[in-house]
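Look for subunit A in each of the two complexes below; its partner is subunit B in the first and subunit C in the second.
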Partner chain A sequence: MPVAATSNFPIQQNRATLRKTVVACGALLSALLLAILVTSLVGSERLPSGGALCALVSLGTNQCGLTSDQFDILFQIRLPRILLAAAVGGSLATAGASYQALLRNPLAEPYLLGISNGAAVGTMLALVFFGRLEWSRPLMAFAGALLATFAVYRLARGKVGASPERLILAGVIVTTLLSSVIVFVTTLMDATRIRSFTFWLLGDLSGASRGLLPLALAITITGAIALTFNARSLNLLMLGERDAFDLGVEVGRIRIIVFVVASLLVGSSVAASGSVGYVGLVVPHLARLSLGSDNRISIPSAALGGALFVIVADTIARTVIAPRELPVGAITALIGAPLFIYLLKRS
Partner chain B sequence: MIPHTFKNSKFAIVVGSLVALVLALTMACSSSRTNVGNPSAIGKEVIDDAGRRIILPERVDRVVSLAPNLTEIVFAVGAGSSLVGNTSYCDFPAEAKSIEKVGDTLHPSLERIISLKPQLVLVSTASQLEGFTEQLKSHNISVFVTDPHDLEGVFRSITQIGDILGKSQAAAELVSSLRARSTAVETFVKPLARVRIFYQLSAEPLYTAGHDSFVTDLIKRAGAESVTADVPGAWPKYSAESALAAKPDAIILPTGGSMGEGNANVAEALRNSPAVQRGRVYKINDDHLVRPGPRAVDGLEEMAKALHPEAFK
Partner chain C sequence: MLEARDLTIQYGDRKAVDTASLLLRPGIVTALIGPNGAGKSTLLRSLNGQIRPAAGKILLNDEPLEKFTRRSIAKQIAVVAQEAELRFPVSVLEFVLGGRFVWASSSGWGWESERDIEVAETVLKETDLSELSGRLMSELSGGERQRAVLARALATEAEFLLLDEPTANLDMSHQATLLSLVKQRCDERRAAALVVTHDINLASQFADVVVLMKAGQAVKTGNSAEVLTPELLLEVFQVNVLVDAHPVSGVPRVTPVHETFRHF
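And then the complex of A and B:
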């Protein structure tokens, strides 16, 4: 069994875990801030690095010799996109890490379980029926994600509980069902919208969902913190639901918390950027491999690592064939799939 | 004893299936050869925009069009009566709407096309239609691919389709009148300063016209210069920051036609562009700007008049 502990965790060990969490998260947070700073300096348009750095460090209060166009590129286009990438990556990786702990399945991931597709259907319906109301998108995406989560969970639950195989099968069923719903909904749209949708479905951060950026950031941060606070119960759950219950974990309550918070995380990121794949799978795996399977460490590390991963992937997506662009989902899959195979082979 | 027989029968099965395989392959080859051979005995030869050599019967009077611009060309050269099928996007001229629909441009129904027994299917780009072409070939249906990258390419499509459908005369007259209108516009705008424009195909995500699009050529003929004229591809997805940095003097929004009002607003990155500040955002009917057919010249005239109103008083 993993590190996961017992109910009478020695205090010293708790302190050690706390120290490890602080060190790991501190390092990742510094790397994240550095990545935001560095990737703000690259893009299809060249900005003077000195001026751009100075403007960034002054948090936009000083123009630092940048022309007003350069200033707009930096603060109206590039930085919001990088922050959205961070929110999306953080959300998906946190959701993935907590599904994996709750369902005791290393393959549990929003994309593979059909939860992203649930959120995508919600977003599309919001666009078709309440096109003008931007906030209807994350709301409907959340509802779609939650419904898909419960559908997968009910389908996966046999007489002997949810086995890993049943869970993945249920995920495949829900994913394919919802994919056909997506195809059906696209037929309700006009030709211009279909074009934007095929791109969006692959995961795309260029869309002007800037209005959703503050919401996405707020949900990511509160969601990651909320799930980290439940990490101890998730550790006990990794021993099995019965054992966890015997050790005093309110299994039903934890399940609801994870489902709702993770659906919020997936819903807000899908509403803002479509379905970015592999983040929820690769990042938590990397976090556990390098830092151990204690959720108190791996969940917050996955949140920060996910943000880092999607920022890097999106920087590639927007610069590699500049001034043209690729969907970020193509890059995360391109990095994620081989990385995942390598991890599987190694472990 | 028993294993021995077993061995023999296994051997027989292997030999038998090998023989069957060879026979099947030979028959498949010979049958496809006769399929290709048949039309060549009587037909004429054309080369399409995909560089494919196509043998067609002397008289082609049953045609399916898989793109709205090709439907428009067939009607414009006076061969509308030979059109037995088209797509759900084909809405011009009005008669095109009542023709049997075979699906949309990307998802045509093969069964319905075959049941219409056309001699020829007109396709607008070769993409995604490779397997499709093979299946039609086995039913003796030829596929003609058009892929114009400029207005001359559109004229070539018109001429070729006219020739194929026995309307060479009408096609030649149409092309010369279209060419005259295009030349007239070009003469008007020639002395004027070129306007730097951004062509916004869609705002979210930001799509534009690239180097390979016929619209880039139309823009040049209209006395303007597309800031994305050198971007590879026909319809690339474009970086928002590059669009902002380009500071276009005018913006063209193809909108209000059969694509609806979906593209009526300028992308966020261009909200502070010189074009918006000076009120030089022009909406042009998208049917004239995304369909490389006869109405592309309408689009050319509309763009030129919008960008250089002083030249057309």
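And then the complex of A and C:
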């Protein structure tokens, strides 16, 4: 009998291997670099393709015949925004994939669990109280995300463990509670900031704070690597905490690592761009569907795929009704919500 | 050797296990029997450190269990329990390779070695699952899944096997196959097994040592002929039983004699 012939997951072989991981990640990385190049050329301001590509490939050392305005648009506005989209997407998808493994729930997602809202409250408090200190925002966002994570985890954990429904319910409670805090803090702001603030809450890269870009990129890359390095433990945790314990996983330690690293990922992305929803749901799902459930392959693939996904979504958001822009969160939710309904019906 | 010495385990005020002692020796299959709520599973769960005792000691090869790391305990003690519900698609091979986690050079990154694959293939063959190795766990029948859980435990190559009602949900032939595999592991590799079961006749047939538990205490330990007596079983289970010799193997055979049968 041919193995895997009856599998629902056509591309999934018997098991994940290093070779399969390298091939998948290599392909996704190439697609990501290509997407960065292509989307840099797209926007309300037309840039000459040849010159722009030449300048990008030279990493900005050669102006390649672009005017200095065009050069600035490319390197000061467009590229930073694309890179931030990559950082945000990579962070959220990685966080989603690891929450799903740890909580044994394909529906776990930073936005739906209220963790993004926790980070948003942290960011807002930083804005209100330490407005001038840019670095206070990711720090407070991290603290907010971590607190929200613990709250959801405690609420969801019944006597018989966290059922999928209970987890989502706990997420709803934390989300609504934090939303009321957000509304309260919003009333403390002056009226002119409220519109941009509402956009930010929905997930918006247009007001991207460029100062946070290096930090966001660094956290995304180190976070994704850190979680990938715990992928084997997460594989066993996906089978249940008791099984994982029996098989030699230090369950408590892994839980803390995932909570802290994922909160850093969510915190830095929310501080930079607000709560972009559903990335952590859509991307890991697609990664598992096409590559299998092994976290050694699905976490790094989700990181790269998430970056790709948000770059494309943000390009749509900033071009579809140009010169006006949509918040990128609106695009990701439009794609993510139907998938969520499908997954909920199936579980 | 894996030894529980005067172990007491408490859930709040209730003593689930009350100064119970147990010794698992290489090559020996030990069956743990007793009524519901006697503390059998709790005792089993404490042996690999999942439940902490309130008093008493657990010794793994004469060293206190607390001295070992989680990984090193898992390398020496494997557990077969009722499998938890799977929410992600995992192939049978991937599932069984989970047992090789303790052999990885680190707890994080890293891939299965040639030897890991070899061991997995061997245990898949032993448990008659080779043909299904590419299937998803969710596509297997209850019996096949339970065999996969045993295969994963065997793949750890642990010296001690703790089986918590491994034959529940299995039909007669699969019950015997599963326990034969456990016995074979004990005979050939000098492993030691503890089997919690409600099936007294299965215990009688496969176990070298039978431990009878009642209300948290190990009331009797010995071979099946010593433990499976009508008097002891009446005392512990409050059921009259008839004990005779199994016509083929000669081991004690226990038949409950319920009040309603008296009319015949």
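Here is the rule we go by: the second predicted complex is superposed on the first by the 320 of 347 C-alpha atoms of A that agree within 3 Å, B and C clash if a C-alpha of one lies under 4 Å from a C-alpha of the other, contacts with A are read in each partner's own complex, and residues count from 1 in each chain.
Just so it is clear, a residue touches a chain if its C-beta (ideal position, glycine included) is under 8 Å from a C-beta of that chain, and two chains touch if they have at least 3 such contacts.
Here the structure is a predicted model, which means the values were calculated and not measured.
In the overlay built on the shared chain, the residue A:A120 is in contact with neither subunit B nor subunit C. Using the contact criterion defined above for the overlaid structures, shared-chain residue A:A24 touches neither subunit B nor subunit C, since it reaches no partner. Contact with subunit C, but none with subunit B, is seen for A:L247 once the two complexes are overlaid on the shared chain.
For subunit A, the partner that touches more of its residues is C, with subunit B and subunit C as the two candidates. Once the two complexes are overlaid on the shared chain, A:P106 sits against subunit C while remaining clear of subunit B.
In the superposition on chain A, A:R15 contacts subunit C only, with no contact to subunit B. In the superposed pair of complexes, A:V152 makes contact with neither subunit B nor subunit C. Once chain A of one complex is fitted onto chain A of the other, the partner contacts of A:I77 are limited to subunit B, with no touch recorded for subunit C. Within the superposed three-chain model, A:M238 lies in touch with subunit C and out of touch with subunit B [touch as defined at top]. Note: no residue of subunit A belongs to the subunit B contact set and to the subunit C contact set alike, using the contact criterion stated above. For subunit C in complex with subunit A, the residues that touch the partner chain are 48, 50, 70-71, 73-75, 78-79, 81, 83-91, 93-95, 97-99, 101-102, 104, 107-112, 131, 133-136, 139, 152, 156. Across the complex, subunit B is touched by residues 43-45, 69, 72-73, 76-78, 190-193, 195-196, 199-200, 204, 206-208, 210, 318, 322-325 of subunit A.
For subunit A in complex with subunit C, the touching residues are 1, 3-9, 12-18, 101, 104-106, 164, 228-233, 235-236, 238-240, 242-243, 245-250, 288, 292-294, 296, 347. Residue ranges on subunit B touching subunit A, taken from their complex, read 89, 202-207, 210, 228, 231-233, 236-242, 244-245, 247, 258-260, 262-263, 267-269, 272.
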